[in-house]
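Dropping a structure here in structure tokens format, bear with me for questions.
Labels A, B and C are assigned to the chains in the order they are written; within every chain, residues are numbered from 1.
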Amino acid sequence: MVARSSCCAIWFRAERSRVSTPHSTSPHGGALSGRGNGLRIQFNDIEKRYGMRLALRGISLEIAAGECVALVGHNGSGKTTLLKIVAQLTKPSRGTLAFYSAENSVPLEEVKSLVGMVGHNTLLYEEMTAEENLIFFAKLFGLANPAELSRKALQPVGLANRASDLVRTFSRGMRQRLSIARALLASPGLLLFDEAGTGLDPEGQHWLGTTIKHLRDSGCTILMSTHGRNETQEAVTRAIRLEGGRITHDSGAGGNPNEVLVMAAVRESGEEGQQ
Amino acid sequence: MTLARATSVILAKELRTEFRSRQLLGTTAVFVLIVIVLFSFTFNPTSTESRRFGPGLLWLAFLFAGSLMLQSSFLREQTNDTLAALRLAPIDPFSIIAGKMAANFLFLLLVEVILLPVFAVLYNVAILPVLPQLLLVLVMGTIGLAATGTVFSAVAAQARLRELLLPLLLLPVLAPVLIASTEATIGVLQDPSELSLVWLTFLACFDLIFLTAAWMVGEYLLEE
Amino acid sequence: MATQVQTLPTTRPAISVPSVLLMFFLLAAASYGALIWAPTENTMGIVQRIFYFHVASAWSGFISFFIVFFGSVAYLRTRAPKWDWLSVASAEVGVAFFTVVLVTGPIWAKPVWGIWWTWDARLTSSFLLWVLFVSYLVLRTLVEEPERRALVSAVFGIFAALDIPLVYFSIWWFRTQHPQPVIGDGGKLDARMGWVLLLCWAATLGVMVVLIRLRYRLEALRSEVDALRMESARSTR
């Protein structure tokens, strides 16, 4: 598959068009994706309420820069809610969230430009071409040379030859790849994947797993919610299990994530067997 | 990323998507046309009567068409949850609303400008001599329509029966716009033509008040 | 164990006996004043007496809608459900008052002018206000999730309330340009009529306060029941 070989290709670094903030000092040209400084995240007693329902309770956690964390748990356990809070799509009902880049605290408004998210939905405009989608989001993120950036971003995901095609004509796998290209446009320090492997065929999942490994190696912090046991979990350095909005298991910063992953997978398949 | 810049990027996107398909514009224009024609059956469009009733019917047609067409601005963002994509970007949430307001304003104005000559022909009204004044009234009224309509379409997008809900919410609130725009248009089309400062100032106040209200509370509608 | 966001003083009654008594006293006094004590108006006769309740209801209706605006703004700032409860209670009571206005208007008009409805400024504006807040209530029935519902109705409530002066001005100015018979005060107001009007207003204010408190309590209880229901649904899963 074209994508696999392109994964080894060199990603292009984006240059900020705004006044530079303390952490955007890395050299451009030829650098790997993600920034050298992944973001560190600190959760302080995060709680999220929807009406009278507690989706998350008492989440206190620290995720170090460069970790690749898998969030596991069945549907409704709070994984997506947690990711949404990190992405600042929703505010916690209680508790605080803090982000750090190389020991410097990053104010919440600036964090958005350092975060890329690949959601369950593609978050793409069907009636625009692949290139137009990327250019649009590049502009919204305040990146310089959106057109060039967009063209360069399509190559590693193997969509360069489909740049002028409407997203409406893309398969699920292609849309996921474009979604990832979009998330990587601004060279994020933190990447969020919300069940990004769903709907991909085994080849696509393998590609995703390799891509995540590359991104982790380049220093990006990664937070991904997954379901069951799949190839995308190869790069994981830490696993956290959520149930009923609480953390039940955490393999820890230096620990072995596999135990948690296996246990979670067994439980999930057990539930599925019962249904 | 400043508010103005983000708004213009989103505006450009809205315009590009719409002009590619032209479905919305075309359908809205045809709808206004149908309403204008049907209204003409309800009275005898002689010259004097046209000048008395015509403007009101014209603005009614614009309001109805607007309240149907404005739906799509936020419904469109529900496919693939692109609204979340917009909210992920480091932009002021109000720029999402402002961009759509501006796009809706331009679309509506375009439809109105296209239908104006048709109205003039069907109802025997001379618009050319007073075209600038007419356009001024159109612009002032349409700002109110687009601003309020965009905010309410964000409201309706979260409710059931949204096709019915948007007109239900929008039309009563826009009653002052209907009155002011109609009266101003009648004044302009009169012989001798008269541009009512009272009504124009009123429309300006309406627009200002609702744009400010939209700016202050609009972004709450985008929250999750 | 129930997860209660707010503790409700459900043991305390919503309204105290003295306040209900006061309300009934005011209503009785106002009725006496309007129907018996006030002098009969020269031109319109007995029918004119309905004017006291017509105008008093309109004033109390306005205050109710102002409370909706206030509650909506407070909700957006604090997100405390009680402001939403206050808003819906006031909106319903306001709609009730304006229904009285819209019904008493024609009752007054028919004997005096011979027609049920004239599109005069005040009546037309009242009608539009009534429609506006009925829309507010309809909106609420179409959004199921309580927090979402509170949020969108707060936004719409603010817009609707801001619209009120614009509605009044535009209809008034329109009517100045195109005059029509007015269902207004008609004749002059002599001193006793003025007192009776104030008394009627006090009575309608009393009714307003009592009704809003009752409705507020109803909404608070509904919210508590929903919470308990959701909690029990979760624990039996």
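In this text, contacts are C-beta pairs under 8 Å (C-beta built on N, C-alpha and C of every residue); 3 or more make two chains touch, one makes a residue touch a chain.
All figures in this text were calculated on a predicted structure; none of them were measured in a lab.
Visitor: Tell me which chain's centre, taken as the mean of its C-alpha atoms, is farthest from subunit C.
Guide: Taking each chain's C-alpha mean as its centre, the farthest from subunit C is A.
Visitor: Report which interface contains more C-beta contacts, comparing A-B against A-C.
Guide: More C-beta contacts join the chains of A-B.
Visitor: Determine the centre-to-centre distance between subunit B and subunit C, using the mean Cα coordinates as centres, and give it in whole Å.
Guide: 31
Visitor: Could you state the distance in Å from the CA-based centre of subunit A to that of subunit B?
Guide: 39
Visitor: Averaged over CA atoms, how far is the centre of subunit A from the centre of subunit C? Could you give it in whole Å?
Guide: Centre-to-centre distance between subunit A and subunit C: 51 Å.
Visitor: Two or more other chains in contact with one residue: find those residues in subunit B.
Guide: 223
Visitor: Touching at least two other chains at once: which residues of subunit C meet that condition?
Guide: Touching at least two other chains: none.
Visitor: Give me the residues of subunit A that touch two or more other chains.
Guide: Within subunit A, no residue touches at least two other chains.
Visitor: For subunit C, which residues count as touching subunit A in their complex?
Guide: So the residues of subunit C touching subunit A come out as 3, 5, 145-147, 226-227, 230-231, 234.
Visitor: Show which residues of subunit B lie in contact with subunit C when the two form their complex.
Guide: My answer: residues 148, 151-152, 155, 158-161, 165, 168-169, 172-173, 175-176, 179-180, 183, 198-199, 202, 205-206, 209-210, 213, 217-218, 220-221, 223.
Visitor: Report the residues of subunit B in contact with subunit A in the complex, numbered from low to high.
Guide: Touch residues, subunit B against subunit A: 1, 6, 9-10, 13, 16-17, 20-21, 79-82, 84-91, 223-224.
Visitor: Under the stated contact criterion, what part of subunit C meets subunit B in this complex?
Guide: 76, 128, 131-132, 135, 138-139, 142-144, 148, 151-152, 154-156, 158-160, 162-163, 166-167, 169-171, 173-174, 177
Visitor: Inside the complex, what are the residues of subunit A that reach subunit C?
Guide: Touching subunit C: residues 49-54 of subunit A.
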